[in-house]
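Shared between the two complexes below is subunit A, which has subunit B as its partner in the first and subunit C in the second.
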Partner chain A sequence: MVRFTIGRILLVVPVLLGVSIIVFMLVQLAPGDVTSTLLGPMASENAKEVLRAEMGLDRPLPVQYGKWLAAVLQGDFGTSWVHKRPVSEIIFPKFVNTALLAGSAALIAYVLGFSSGVFTAAKAGTLFDRIVTALMLILGSIPLYWGGLVLVFLFALTWRWLPATGMTKTIGGGGALDVLTHLVLPAVAASLPSAALISRITRATMIETLSQNYIRVARAKGIRRAIILRKHALRNALPPIVTVGGMELGYLLGGIVLIEVVFAWPGLGFVVYNAIIGRDLPTVQGAVLILALAFVLINLTVDVVNAYLDPATRAAEGGVDR
Partner chain B sequence: MTDVPHLGRPRRVPAFLETFWASIVVFSRHRVSFTALIFLILVALVSILAPVIAPHDPYVDVGWRNSPPGEDGLILGADGDGRDVLSRLIWGGRISLLMGVVPTLAAMLASLLIGVVAAYSGRWADQVIMRVLDMFFAFPIVLMATVVAGILKPGLATVCIAIFIALIPYISRLVRTTTLTVKNEPYVEAARSAGGRGWEILSRYIVPNVIAPVIVYTTTLMGFMIVLGSALGFLGFGVQPPAADWGTMVEEGRVVLRKAPHVSMFPGIAIVSVALAFGFIGDGLRDALDPRMRGR
Partner chain C sequence: MLRSLLRPVIATAAVAGFAGAVFVSDSARAESTFVYGMPADHSVLDPHVTCGWMAKMVNYQIYEGLVEIDLHSADWPTKLKGQLAESWEISDDGTEYTFHLRQGVRFHDGTPFNADAVKFNFDRFLDKDAPQFSETAYAYMDFIRMIGDIKSVDVIDDFTVKITLNGPNYEFLRTGMEDCPQMYIISPTAIETHGNEGIPLNPIGTGPFKFVERDPTVSTTLVRNDDYWGENAKVDRLIFRILEDPATRVNALLAGEVHAIQDPPWDEIESIVEEGFVLTTNENAPTIWYLSFNMRHPLMQDPRLRQAINYAINKEGIAEQILHGYGKPAHGMLNAGTYAYDPDFVSYTYDPDKARELLEEAGFGDGLDLDFDVMIYGTGELTEKWIQRDLKKVGINLNLNKMEWLAYLDKWVPGMAEDVHMNEMVWGEQTPRWTAFGYRCDRVPPHGNNIGWYCNEDMDKLFQQALETADEAERAELYQEADSWIMLNDPANAPIYHYFNPIALHPSVTGFTNAPSNWWDFSRVELTE
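Up next, the complex of A and B:
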């Protein structure tokens, strides 16, 4: 088990190196000359040349990458072109906000998806099952940003129960309760597609598990249904659900960009969006790198947790090719 | 009229046509999938015939600003600029469907090449391809597509490129795994021992058996990509005003959400129903293309 964990952690290193290459190259896709973005269209060729040399842009790409990576490893993500401040100062405080939103959304998705999946599986074939399953199917196809707008329209504009945007009140805000009321709508909106998928997987796995022979034996022994469900079925149905749940947490992290834009939630996704709009490439690089890093670490954790839960995965030591 | 002696089944029909027909029969028995297919064909037809069908010019104001559905003779009302929502929806369908279908198909073709090469050419190339794909898997797909689309110049081509790039790792992985399984099937070994050449085995025995699950996966992905493409449109990375896909329309409606919720609700409903339809068709295809489901 320890060997599996260490092996899996070692595998992450080359992936992270690749991630840094991709993030670095992505920014090279940007059309137009960097220096004219910075100096404006009226700048002289001479001034552009000077700036280019100053930023090291006249060097070959591998050299530029090496310098960038060396700086990043020391926590230096460069200077924002728009805010003229270190990128790390901009992104690290926002990361907490994104983690809060993604964590709450994941929690809602797990509770909602898992419980609805178990209940529909226990009542498979009934009207209740059909309604909930159909509802989850529709929820799974709703675009995140549109679901967010529907929630805003209903709960913020029509009924005025909850605030529509931001993280705190502009005046006199900032308390835990204030943040919580601002958190509800974006977290629910971000959780819906994941809840739908988790519900579907849970239902399918539970139904399959419930049709196994040992469940029939347990039933024949006269054990109560609730106990069979909880002690016999749930336990064995868990590994695939955990896998999907973990993958969904990663997916959530991607979708969070959209949710943060809709709700003006001051997180990393909103930073990425604003940096893209403002052509602030160092900030895009830094924020995307942090998001990808979080994604990789989540996947790592899911794999390790899964290995603890499921002996079959543990046996396939290393787990290189899945 | 001469009596033709009936000597068993005529062998005129090529085998692949028979398989194809069997798949269609199974698919049409799937009521939900079949309905979804009809629905999608209708949506596609309406979009293609937009110049004929759309009641108004989608770019010109024809009614009061934000007028609700049913007023001014506009079935779905007018948007914040007084333009007919229905006409914009019909024209927008062209772009949204295109964004979901074209890059996904292109990614499927590219992935077939990548995946089959990886699985078929053995260790070295396989390792290189898989490690590169692993790096792309380190990005959530929505984030990847958003950043690629955001960094390039906004436009329809940009969204298509972003979806194409973001999808390749996912489909390639499926192609590779399936090819690895098929490669070791007894019938491939038989073909090889009968003296079949590499290319022949690949094109006649491997690719046809790999393609079925890939088509199913790609179909399901199309629905998801219409959602993703519309999200990129919503962020402003897609077609530019006055043209609009469904995602851009949702964004336009966001400004007038309080006064005229219908402006963003209708395109949203369009996205959800088309995405659902692709999902149902994928389910039906899975059963139709799986020979084990036949004759049930």
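Up next, the complex of A and C:
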């Protein structure tokens, strides 16, 4: 188990190096001239030349990459071209906001998806199963943007229970409760597609597991149904569910920008969107790198958890511990 | 089993219910804070290196220029008023502007405002050897024609500054001092302490509001300047919230989370007003949405083709159907905000038959293909598609080359290349001289925004004559004469519409003036319960 974990962590390094090269190349591949972004489109050629030399853009690419990577490893993502302040100052607080929203959405999705999946599997074929499965399908098929607007219309504008936009009140806001009230609607809206997917995966895996021979044997031995479900079926059904759950968290982190826009949630997605529109490449680089890192770490956690749950994975990929 | 699995669900539901019950609505405002919902993030708070209207909106509250447009009045035409200059004189030959500065004014950091501060700011882009010289400021000021106008800036005494121009120029105040980028005066101490790159995070001026903080892509917070030399602002704090999505902007207004929103979606304005919110517009906002023709393209040489395009576009339809009446057809390049705008001037009204006739005459009876550069700016290109459809009806097949905004700007600024017949832009300046920059032979890129390469020496003489005419009414006539001649005989553009700048206000807001401008004054805004 320890060897497996260390091996997995070591594998992360080349993945991140690859990501860093791609992220670095964004600047090279992006259309248009970097200096015209910085100096404005009406800058003189001479001024652009001076700036290129100042920024080291006239040096060979590997040299530029080395310098950039060395700085990034020290937490220096450069200065935002648009906001003229360190990129790290902009993206880290925003990443925390996004992680809070995505994490809450994932949590809701896990609870909702997992419980509905287990119940419907246990009652497979009944009316209850059909209603819940259909309901999850409908909820999961609602476009995020529209779903968010409907929630705002009902809970913020019609019943006035919850705020419509932002993460805290603009006037006199702050505090955990204030954030929590602002968190509910966007988190619920963002969770629905993930909840539907997890529900479907859980139901399918559970049904498959419940049809295995060892379950039939357990049933034949007269073990109570609830114990079979919990002790025998659930644990064996977990690995694919954990995998999907991890992937969904990763997707939520990167793909929650629509919800951030609808609710004006001050997250990283919104920053990346604006940075791309404004061609603020250091910010795009920093944000993509931090999201990639989060994605890789989530996958690492999923692998380790699955290895813990299923010795076969360990045996296949890293040797069995003795 | 069931119970143990249900527990987290119940817990989550309980938390949500609790939160809902405890949430207090936003109506209780202890401190008076005005929150303005902006449709886009603003650029840097350094007034010499930005041109965007959103940045101007924030900068206008923080900084002041020597002379400004009076934004406390919604009337058109707009009036100039002294701001940091109490008065000014123009020499008889129109080349020397002497400003008598306001005394006892201090920047937000305590630095006294005087003639040296003015000179220091001008040297930021005029004097390449000055330590505060900024290459970016130079680039912006050069494009906006400021640098070509000015010969020297001299300090006469502590509170007198003389600006000498290269030639007679009676539009200098509106071109140089009250335009884009505005010649606002920044605290010299701030520039010395924080450097040119540090100004966006340390914007220090003399205006009625002081900068507190900026949360990029979220909000910018200002606080009242209690030591302001003039009438103090009414509200304690002014917060600009960035709400890019139109539906979100409306939701924030309806939920009482902002007090005003700019550019509510046109088809929702009616229902917002029915909810009790107040709509303000200005039919003389200085905006113009227009097409430019590539005069260097052999195909575009024939004026009849350009006249036909003007006849073929149903501008009234665009104003009614797309803008829902929050804009009006444009007939010339003088926007509705300049004093030289003539509301009665009509160049082309919708007449597809006339357009077909002209095309036939010009030898395009079998139809033709044209390439049209289009910017993607979040409006769904409705107007462009409308134009495409109108031109199709007269036999012109329009290819829309859509580009993201910055890529578009990179292609627009250097002037139209061989591969394109026409492009588009939205602009709007207070000075009618802006039309000269779009028409004059010596204002082709890189010396200005004559990006369609129009050139007519007779018209250039008229524009020069206008610039050298001291009387404003006479000047207006000259600008009108040039614009109407070009529009009717040799159109270099197809002006489409002037926009009314709709802003929806919470009923508690008083004292807001929707002046003929693209940014507004918030110092007189008050909140009543």
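Quick notes on this one:
Assume the second predicted complex is superposed on the first by the 310 of 322 C-alpha atoms of A that agree within 3 Å, B and C clash if a C-alpha of one lies under 4 Å from a C-alpha of the other, contacts with A are read in each partner's own complex, and residues count from 1 in each chain.
Operating definition for what follows: contacts are C-beta pairs under 8 Å (C-beta built on N, C-alpha and C of every residue); 3 or more make two chains touch, one makes a residue touch a chain.
Here the structure is a predicted model, which means the values were calculated and not measured.
In the superposition on chain A, A:Val284 makes contact with subunit B only, not with subunit C. In the superposed pair of complexes, A:Leu51 makes contact with subunit C only, with no contact to subunit B.
In the superposed model, A:Val152 lies in contact with both subunit B and subunit C.
In the overlay built on the shared chain, the residue A:Pro163 is in contact with subunit C alone; subunit B does not reach it. In the superposition on chain A, A:Ile21 contacts subunit B only, with no contact to subunit C.
Looking at the shared chain after the overlay, A:Leu144 reaches subunit B, while subunit C stays out of its contact range.
Contacts of A:Ile131 after superposition: neither subunit B nor subunit C is touched.
After overlaying the two complexes on the shared chain, residue contacts for A:Leu253 are found with subunit B alone; subunit C is out of touch. Touch criterion met: A:Ala292 reaches subunit B, while subunit C stays clear of it.
Touched residues of subunit A, counted separately for subunit B and subunit C, are more numerous for C. Common to the subunit B-facing and subunit C-facing surfaces of subunit A are residues 31, 149, 152-153, 157, 261-262, 277.
Residues of subunit A that touch subunit C in their complex: 31-33, 36-44, 47, 50-51, 80, 82-85, 90, 94, 107-108, 111-112, 115, 118-119, 149, 152-153, 155-157, 160-166, 169-172, 177, 180-181, 184, 226, 229-230, 261-264, 266, 270-271, 274, 277-279.
Of all residues in subunit B, those touching subunit A in their complex are 130-132, 134-136, 138-144, 146-148, 150-153, 223, 227, 230-231, 234-236, 247, 250, 253-254, 257-258, 261, 264-265, 268, 271-272, 275-276, 279.
The touching residues of subunit A, when paired with subunit B in their complex, are 14-16, 18-19, 21-22, 26-27, 29-31, 137-138, 140-146, 149-150, 152-153, 157, 250-251, 253-255, 257-258, 261-262, 272-273, 276-277, 281, 284, 288, 291-292, 295-296, 321.
On the side of subunit C, the complex with subunit A involves touching residues 1-2, 5-6, 8-9, 12, 15-16, 19-20, 22-23, 25-26, 29-31, 33, 35, 41, 43-44, 49, 135-136, 138-140, 142-143, 197-198, 200-201, 214-219, 239, 241-245, 247-248, 251-252, 254-255, 257-258, 404-407, 409-410, 412-413, 446.
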